[in-house]
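Each of the two complexes below includes chain A, the first together with chain B, the second together with chain C.
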Partner chain A sequence: MAIITISRGSYSKGKEVAEKVAAQLGYGCLSREVILDASDHYHIPEIKMIKAIHDAPSILERFGRGKLPFIAYYQSTLTRWVQKDNVVYHGLAGHIFLKGLPHVLKVRVIADLADRVASEMKREGVSEQEARTLILRDDQERRKWTQSLYGVDPWDSSLYDLVIHIHKFTVANAVDFICHAANLEQFRTTRESQQKMDDLALASQVKAALIVDHHLNVAVTSEYGNVLVYARADDRATHKLKEKAKTLSREIKGINNIEVHAGVSMPPDAL
Partner chain B sequence: MQPLTTEMILVMLMIGVAVFLFVVEWVRVDVVAIIMMVTLPLLHLVTPKEAFIGLSSNAVVSIIAVIIIGAGLDKTGLINNLVAPILKIAGRSPSRIVIAISLAIAIISSFMQNIGAAALFLPAVQRISKTLKIPISKLLMPIGFSAILGGTITLVGSSPLILLNDLLSPFNLKPFDLFDVTPIGLALVGSGILCFIVFGRIILPQGTKDVAEEPSNPPGTDSLQEFGEIYELQTPENFTHYRDPVRVEDLKRRYLVNVVAITEPPDFKIISPSGEMVVRSGVDLVVHGQERDVTRMAQSEDMLLKSNLEVFKEDVAAHASGIVEAVVAPRSPMDGRTLDQINLQGRYQVTPLAIYRRGETYRVHIGDLLLRVGDAILIHGTWTRLQLLQSEGSLLFTTPVDVELMRPEKAAFAGLWLAVALIMILVFKIQLSVCLMTGALGMILTAVLSIDEAYRSVDWRTIFLLAGLIPLGIATEKTGTAAWIAQSVLEATGTVKPIVLLTIIGLLSTAFTLVISNVGATVLLVPLVVNMAVAAHTDPRMAALVVGLATSNSFTLPTHQVNALYMGPGRYRSTDFMKAGSLISVVFIVVMIGAIYLIYGV
Partner chain C sequence: MSVIIISSDFYQVGREIAKKTAEALGYTYLGREILGKVADKYHVPESKLAQALDESPSLIGMSSKLQNRYLAYIQEAALTELLKDNMVCQGLAAHLYVLGVSHVLRARALSDSEKLAQQWASQEGVSLKKARKLLDRRKNLRRRWSMDAFNLDETDPSQYDLVISLSQIDQGEAVKIITETVSYRRFSPMTYSIKCMEDRELASRVLAALLEKFPDVRVRANGGTLVVETTALKREKRKRAEVIKKIAGSIPGVEYVEVHVINDIFRQAAESFR
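So, the complex of A and B:
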């Protein structure tokens, strides 16, 4: 009764591990479905969505609206999916999007570089040098992406509960470890942890809805359905934001109360 | 029959002037009484000493003392304690509520001023009407009438009866005991309540739900109620098991309820606890919030939601604490700072509930919001703390906080002195005014009331109304006017049976009390009817008693103090009083004469 996120590099066998864990525990397995649903729900072409959440932001993007809207849409969709619990997610940045939830088991699966290069050579029919370059570039891209958007290094092992190196350990060993960990008491879904999950999903939905309405400089929190929207300054835009918030309280299910606080410092855990 | 003298004509003229002024109300009734007090000695109808003798009369001093005792009982919350169980028993049925409150108010008003009892019950009745969505017009009139009828249960229940023995003494008639009138009074109360239960639908204005929901409180207080009410809850014994500690501020963020008081083992009570305080297992807490939020919290956290305040009944009840709206004043040091920076809760031990700014209500994380001039802050606290905050001057209070501070700790003394006064009356048969003044003095000496509070509690209108009409009675008696009218009415009546005479006296008293005050009517009529009764070979004491009782038969016009008090909040018109009052008045006469006939065998 938990949510398992598996962070992986290319050719790290993470996908295989995730699918086997899901099969063994009887959980749902999620990755690409989230992107498809997000692009469908927010009417964004799939390719644009993939590019936005996969590639690191360019210099120009860092000054404009950039990738923030896409990330908000993605997080909103992901949290909606995993809210149902009993799920293994092996897509992008699960450990970041679902941070702070007690019943999320965060796993990183890595593989030996030589094994990954071999797999790339076999699949793409390229030379060893080319395969190595491709893998390293991909790793670098993902690392930059996480760093630029969240200020954390995905290779920092302290972000995870479990880091498994597939080399001496086999995929089967990794699946056993993860399944054993997922059944531990501390990852069991409790009423409180499910409430936190629901609040995260709610805040994500509100944030995405506000971004759709062009309110970009906002931060959102939710606690037991009481949503707080933080705005930078109390100006004309904030007035519109308050109006929008009132509308959302009717449109989005689960909002008990919604308030817009302007000109106050935004808490670090706000979305 | 003695001839009509100039003095008699002058006295009758003065009575006519008094009645006329009472009816037209060019000046207030007490001023009319003072006019009499001054004019009668000027016309040489009474001596200067007689003109002011009313101020030192047994009746007036008794009424002063009763008012002070009533204020003491109210101040200590004894009256409130009496009301709470009544409502608990009555439940939600309008009929049961009317019966319960009417009986309670009748019993209370049998020992204190009717108007005092009526005033004490008014807020409670308004609250019941609002909560249970019962039109207030269906409740107030029966309850008000019961307060008046309750005044007939004991000899200290209403001013006419207090006055009665004084008025009998010049005729050397045996005075009445405190409970001599009780059987008649109980019959009158019972029949009055029965009338409303049986004929309530016909005689009472039915009102609408909207009427019940209309604000009837002073401006400002109703708008505060939409932010919620006070509820008491208890945490379960396993509240803290296998979970992170729950703090007071967590409950606020999660459920939008403000903890305004909490118990701390073993037996401490904390008012306005800090947000950091951890909520333990098995503790009682009082929260302020909207019903749906409080219910949601109680369900989610397995808390027991109590139907009434229990543990904090005295500490957080309406007389001890409340909610005020305070606005950040121009040039206030609070402008540009947050509630957390000001440490409002820590410094003043009050709980800020919400901030209202330009049409927006902020209820969550309000401690972080930068305050601006014009922000209205909703604050809960004890009246003492709120008064302290108000005196500091940085917030302008839009809700008054000059609520009288209660002294529940003095309840035992208040009860004791009431008992002392009653024992003196019943056992030692000391004069009423001395007994009651002893009780009142006792309350002052034991600090139930300060002497200034005692002075303030006395309604000087009532005192001068009473004292000013006494010389009119003296003049009526001294000049032989009373005897002359008695003889004239007797001649006009002819020879009748005693019971018919008493009925005529009852009707006459009822007619008098509608246009002049019940005290005035009693003072005027007692000498008259005593003479009439003696002439007609009827017991003069019974005739006087009929006057004393029938002068409480004041229902067909809103001229009685209690009716006047309830007319506004009940949204009654004079026709409403005529409709219901006529029936009650007829029933009153029938029951009174019937009871006197059965008990005294007249």
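So, the complex of A and C:
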């Protein structure tokens, strides 16, 4: 019983692998559903949401806080979905959004560029040159996105538990590897790991709710339902934040206690 | 009946996994133990061979020409052994030169960096932050080494069939995954894949013989036919081709040698200014 995240590039057969793993293990399979739910829940047009979480931030967005609200909404929705466990997620940045959870098996599926180009040519009816350009641009966009927002390279193998190269291996082999690994003791959901998951989901929900209310300079942690909100704000804004926190403790399920700390440094593991 | 090449971000981690894999499968382990033999064969110090496998060329250290030569000697010895099949190879950079051979499983094991940093911190008596920094530096140096030596980034996952991180998956489980994987039919040697391996082995023998005299040569083999590329001044072309043909032709297994001499424009320009 685990959560499996499958990171993939376009045309790397990761989607096929994810669907087959989900079918074999009897898990749910998630990808686009998260975007749809996030845009519905936070009243954001789907296209805007997709653009925000797919495209790398522009120079102006890097200086402002352009994409951060969308990412908070997305993470909040994703953690709510995967909290139920037994899920295969093959959408964006699962390995980053669900970092630090022991029962999450993080997999990356890669394929040779030549095979990916051939698939793109077949599907889109474009020339080899065009197909190559499209794939490389998409890869570059993903790389820039992750690097600019999280300072990590999605091509870095150390972010994953397994990296499977679909070349000598078939999709069926990859499915076998993943199912085998998912059944290992290390990836079983324990009470402690589920608690961590619940805390992450709770912190994500609180952060998203605060951002909706225009409290942008906040970081949130949660431990056994005790939520700490760290803020960079003046007295007036802190007062407002405390009022909002009180409301949230009634609105969001699972909060035991919520505290607001202003003017203290934000912990590195806070959301 | 296949060959497994194991790479790791830390030599010791890769070595442990390779040894356990060889033991589990009843294969032969091929590691740095062969450096002694290589040193005897080519009359070079064993420590220099190990240095060529670990350090990038530098002004105060080893020159790139010397490193290339030592690596060619190691490559020749490793490929000769790998022809025997049923081998688990590690620590000889084989993942960077045994390319395009279908019966070779190339796996990489990534150590648990956090655990290693903690070990280092307690062993060396430094802070955890400093230990992490040192580890990162070592990883970057290793990456630079692979780029300098073989023009390939060894951290690039597309160089491997499988990359296993040991943060959550333990060594025993990694060994199990590798041993099960190698039993797949596609890792059985085929006539063509054996020929590919033989071609690489022949090319490596010729390269090792030529590098001392011609440090810029590149060698490709197809059956018994060799294609050797080198650079020379216009007036030296003929003579150089003859010497290469003579040296390469004397190596067992070589039937025909084709030498492509490219005009050395830099030396030519330097000479014209004299």
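Assorted remarks:
Here is the rule we use: the second predicted complex is superposed on the first by the 269 of 271 C-alpha atoms of A that agree within 3 Å, B and C clash if a C-alpha of one lies under 4 Å from a C-alpha of the other, contacts with A are read in each partner's own complex, and residues count from 1 in each chain.
In this text, contacts are C-beta pairs under 8 Å (C-beta built on N, C-alpha and C of every residue); 3 or more make two chains touch, one makes a residue touch a chain.
For clarity, every value in this text was computed on a predicted model and none was experimentally measured.
In the superposed model, A:Ala181 lies in contact with chain C only, and not with chain B.
In the superposition on chain A, contact of A:Trp155 is made with chain C only, not with chain B. A simple residue count on chain A separates chain B from chain C, and the partner touching more is C. When the two structures are aligned on the shared chain, A:Leu228 is found in touch with chain B, with no touch to chain C. When the shared chain is aligned, no partner comes close enough to touch A:Gly100: not chain B, not chain C. Once both structures are placed on chain A, no chain A residue is touched by chain B and, in the other complex, by chain C. Taken together, the chain B residues at the contact with chain A in this complex read 243-244, 253-256, 293, 296, 300, 360-365, 368-370.
By the touch criterion given at the top, residues 192, 223-224, 226, 228, 242, 256-257, 259-261, 263-265 of chain A touch chain B in their complex. In the complex of the two chains, the chain C residues touching chain A come out as 9, 102, 105, 108, 110, 113, 155-158, 160-165, 167-170, 173, 177, 181, 184, 186-187. Chain A meets chain C in the complex at residues 102, 105, 108, 110, 112, 155-158, 160-165, 167-169, 173, 177, 180-181, 184, 186-187.
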